[in-house]
Amino acid sequence: MAVLTYIEAIRQAMWEEMKRDEHVFILGEDVGRYGGAFKATQSLYQEFGPDRVIDTPISESAIVGAAIGAALMGMRPVAEMQFADFISCAFDQIVNFAAKSYYRWGAKVPLVIRAPSGGGVHGGPFHSQNPEGWFFHVPGLKVVAPSTPRDAKGLLKAAIRDDNPVIYFEHKLLYRRIKEEVDEGDYIVPLGRADIKREGKDLTVLTYGAMLHASIEAAQKVADEGIDAQVVDLRTLLPLDWEIIQECVKKTNRVLIVHEDTKTGGIGAELAATIADQTFEFLDAPIRRVASLDTPVPYSPPLEEYFLPNPKKIAAAMRDLARY
Amino acid sequence: MAVLTYIEAIRQAMWEEMKRDEHVFILGEDVGRYGGAFKATQSLYQEFGPDRVIDTPISESAIVGAAIGAALMGMRPVAEMQFADFISCAFDQIVNFAAKSYYRWGAKVPLVIRAPSGGGVHGGPFHSQNPEGWFFHVPGLKVVAPSTPRDAKGLLKAAIRDDNPVIYFEHKLLYRRIKEEVDEGDYIVPLGRADIKREGKDLTVLTYGAMLHASIEAAQKVADEGIDAQVVDLRTLLPLDWEIIQECVKKTNRVLIVHEDTKTGGIGAELAATIADQTFEFLDAPIRRVASLDTPVPYSPPLEEYFLPNPKKIAAAMRDLARY
Amino acid sequence: MSLDRKKMLDMYYHLRLTRALEDRVRILYRQGKIPGGVYLSTGQEAISVGLTHALEPEDVIAISYRDLGALLTRGMAPASVFAQYLGKITSPTRGKDGSLHIGDLKLGIICPVSILADNIPVAAGIALAMKLMGKKNISVALFGEGASNRGDFHEGLNLASVKKLPVLYVCINNQFAYSTPLSTTMAIKDVATRAAGYNIPGQVLDGNDIFAVHSAVAEAAKRARQGEGPTLLECKTMRMTGHSEHDNANYIPKNLLEQWKKKDPILIMEKHLTEAKVLTKRLKEEITSRIAKGIEEGIKAAEEAPLPKGEEAEKDVYAPSS
Amino acid sequence: MSLDRKKMLDMYYHLRLTRALEDRVRILYRQGKIPGGVYLSTGQEAISVGLTHALEPEDVIAISYRDLGALLTRGMAPASVFAQYLGKITSPTRGKDGSLHIGDLKLGIICPVSILADNIPVAAGIALAMKLMGKKNISVALFGEGASNRGDFHEGLNLASVKKLPVLYVCINNQFAYSTPLSTTMAIKDVATRAAGYNIPGQVLDGNDIFAVHSAVAEAAKRARQGEGPTLLECKTMRMTGHSEHDNANYIPKNLLEQWKKKDPILIMEKHLTEAKVLTKRLKEEITSRIAKGIEEGIKAAEEAPLPKGEEAEKDVYAPSS
């Protein structure tokens, strides 16, 4: 076991999958010799050559469209969006061609779209967005958002092996900030399974991506005050792991949802709505959400800080909820 | 007052606004001499000429992009998507350029995008979608979905006069099926205000678009059984009218949400989540949602019927809720 | 032309079958039996038939929504097509989709989506896969002149050309995009002109002459197979019907239609085959009745097949992972 | 060339100011004072400066993210630009956006979005508005050769050309799109070739020669104003820096940069102005110090300005309706 950063784990997953299966290939802008804007594909071009690590023109719709075509032929493309923000340019191909293919005519589209998302790096309105909410509302897609190197590797490998189109959101804030020991071997983290990252009995936090770390930090803060928060890393956003979620609700009777995506119409809404519907009798308090403001992502640091959730805001919500 | 169909009311709104303000113009595919795929713009070309009713090439992104450009110059474009399904091709221009403009640099984008949405006409996966859920999750947009001719006219006029980008979903099933007396005069229905379309005391249905009619029908069904349902037409989906919504929750203590858009991640999730959060103590039962299946819209009539909500399914949910 | 007798008669058969099947669909529609929309290819059938006959069986075609000829040439049964329109469980989409949204990977046909031009980058990806898998096959995308105005046309042709992918882009220029004549949607006369922007050959041809289509496609396919990259072929033709069957198309000048009627692809082919003594009166009658029989059997099978059960709607949103 | 002395000196001033301001931004970045990304136009400044000088004040420019020259020529204060980078409340976006995402309707500059080529259809719409409002003004969109591969390029040029809109499309071909050389992203050598697909003039010019830019733009603008429709101008230049300031651009061959260094637009202009006896040594010194002074004042004002308060983030998502 070696200590890997989040981005190294992502790179290792691609490397291993490309070694394992010659149908796996990569395409995107600057992913080749340059290794990608964030260097996620670094050294892959050198190892696997230009046929399997393909630099494309700036044309997200064609990147995804071509990936769909290749996937229909049995290839397993991994397409990179340079920033998740630009996935909007490929929206149509994703929601209309890829997502509906199997339902309509039984043709599998084993396609992964990697998209560096999230803020906290002063990227401003177009280099910070969290677009998962849109894709969460598209039947036929799977949506993944890892928070740790181990999960990042195992989930990406699972996504590549999955026969459905998977959008894989990697949080750019975590790329080099988060590291841990990661198995070198061939393991996967199955899609659709949440993971309890911190056990606790007083309330459950449902979260994912960068907010997992903020939530853990908040849980540590309030632990001193006697509030024992359980923190669940959803990991796969579509489909959600309702089994674990319900167990946690039944155990703690209080639920806090935390995500970095903007609040209104975010994934937290569905979580809250479904939990309140299906486990109404188990709830001792209203389900609270901590999320980003309903605005574009502002650039200037004080604005972005105000916009984003953080451990302080999460801890405050935990206290409120515990007191309710 | 004349009796107008829903589509006639839409046409009248455009006609009147074009008469009132020479900055208003129309662009889209086949909207000119042909009057549009659904004939919503019929006779406008003949009245206002080719400069103000513009046939465009098949290029939704350019339609919206050009509309944004014209709007920035102070024009008030009304862009038509031939079917709401194709709005996915203009997604990027809408969410990145139009929606964020005012926030970023204070430049107004008074743009209306009309989009015929909805199923029930055996249009299949690409001529039946309800894309409002995606846009509901975009700060900076307004989203409107009228259910009656009177509202259709007044809301479209308000949308055209609004200084923000507005997506106006018109439900194609209602075009010629729904008619009522409509003021010929110049009135608007303000954006952001819901309307109680049926008073009742036992439970509140929150709905919009074609489902308003299905919900009213369901309310009539269960009325005989002694269940008195209040039916609220949300009319504007973004921003929602929380004031009326909360009043109704407090009055009836039971809430049913009905929409034709697919369930997971739909607008109903936000409604349920926010209501449960803010009026937790007023709820006597879990908030229930009736919505379409989480699948693409299937073509064959039995499949589509199974997919869509209808008065029977709504009535069943009403009974369940009233009994809870 | 180096086509043998059998091949020519096969082509003729598929051309006639396409026309006859669509004529029957039109009747079904008028009888109110088809729940959804009907978009026909009357007058332009030579393109998808001629094209498909010029390809290898394992070449893949990303059709558009009027390309019944490609489906039938590849062996899709009339019963399946009727079942699709009728929304029956026996349809290739099991009732999930309608109109010509039919595909079958075994037949090398990609099921179209309604969104015009989406198949253009998709075909590039299919060609890319061919190349990566070391196959000598190619892909083809079919689309209208109207669709060539969408961004995906540009992105797809650009990607295909810079990567020299084995793909043919076949534009069916039938003069109209719904109600809109070409002149109001682009400043050029020939879509083929756009090839210059990608440094690939662009060629205009008579889409109503099935042999012209066949030889141009064969030629371009050869180039593609040899690694010389994509070609943009523009087949001129005319949409002889409404955009869909509910559109009376009164925006098309009558005399334009009359002109084109004289150039009907079946007429042209029959003239040629008769002159070449390939088609005799007897043979023609035989083919006519074989087609009629096939169609009536197809209709019968489709009409007798059950509609799907409602619960089917819930199934198959996701592929089970292998 | 029919430019008068004053005009030439103005152009020279803006060219030098652009270079100097960006040099200063580079320092700020290296000092760690800029929270976000920095994308500079070093070596290609002549294009946006020359272009803006060739337009009427009420023509509207939809800039891209390296077009500081257009902003400065239109009168944007250096202090505002610095404030933007620093995220200060005095920035044109009040801290809401960073880098060169600066616009001002009063100056006729549209604030760019990051999404490449989005400004191309938007500029068509601006031109459409000019036409509808009966103004004699035009719009311009600036974009890189890399951006010309996006679908919106095609849709925008197609719409503009078929409607004969008064818009100029100015492609800044600086050889690279981030790390990717032109040859790996398109099969053509000149983006101007793409004009053929829209039946509009396409012209290649030396983007490092400010007078060449000025006269080509003036000419094309005249045509546009006369109702003759759009032009695609391709300005050849070289990106002399990394894609952004954190990119060392070691993928660009050193000798390529050295070659281009000799063609530096400031050098070229100075040579010309000196030969034409417009620029004297003294004048040059004066200009240099005027620029230095303006920049230091700008920096000072920007550094002293406060950051926005957090609560500002919540404001102005919607325009109040009038």
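Per-chain residue numbering starts at 1, and chain names A, B, C and D are given in the order in which the chains are listed.
As a working rule, a contact is a pair of C-beta atoms (placed from the backbone, for glycine too) under 8 Å apart; a residue touches a chain by one contact, two chains touch by 3 or more.
Note that the coordinates shown come from a computational prediction; the quantities given were computed from them, not determined experimentally.
When you check each chain against chain A and chain B, which touch both of them?
C, D
Taking each chain's centre as the mean of its CA atoms, which one is farthest from the centre of chain C?
Of all chains, D has its centre farthest from that of chain C.
When the centre of a chain is set as the mean of its C-alpha atoms, what distance in Å lies between chain B and chain D?
40
Just how far, in Å, is the C-alpha centre of chain C from the one of chain B?
One centre to the other, that is 36 Å.
Express in whole angstrom the distance between the two chain centres, defined as the mean CA positions of chain C and chain D.
Computed value for the inter-centroid distance: 45 Å.
Would you mind listing the residues of chain C that make contact with two or more other chains?
93, 96-97, 101, 113-115, 149-152, 154-155, 158, 162, 184-186, 317
Which residues does chain A have that touch at least 2 chains other than itself?
Within chain A, the residues that touch at least two other chains are 56-57, 59, 61-62, 85, 88-89, 92, 96, 100, 103-104, 125-126, 139-140, 293-296, 298.
Is the chain-to-chain touch network here best called a line, a ring, a star, complete, or other?
complete
Under the stated contact criterion, what part of chain B meets chain D in this complex?
Per the stated touch rule, the residues are 25, 51-52, 54, 56-57, 59, 61-75, 77, 92-93, 96-97, 100-108, 139-140, 142, 161-164.
Show me the residue ranges of chain D that touch chain C in the complex, using the header's touch definition.
Against chain C, chain D makes touches at 149-155, 158, 161-162, 164, 184-188, 193-194, 196-200, 229.
For chain A, which residues are in contact with chain D within the complex?
That would be residues 29-30, 33-34, 37, 55-62, 82-83, 85-86, 88-89, 122-127, 293-296, 298-307 of chain A.
Which stretch or stretches of chain C touch chain A in the complex?
60, 62, 92-93, 96-97, 101-105, 110-111, 113-115, 118, 120-133, 139, 151-152, 154-156, 158-159, 162-163, 316-322
Would you mind writing out the residues of chain A in touch with chain B in their complex?
85, 88-89, 91-92, 95-96, 99-100, 103-104, 125-126, 133-134, 136-137, 139-140, 238, 262, 264-274, 276-278, 280, 285-289, 293-296, 298
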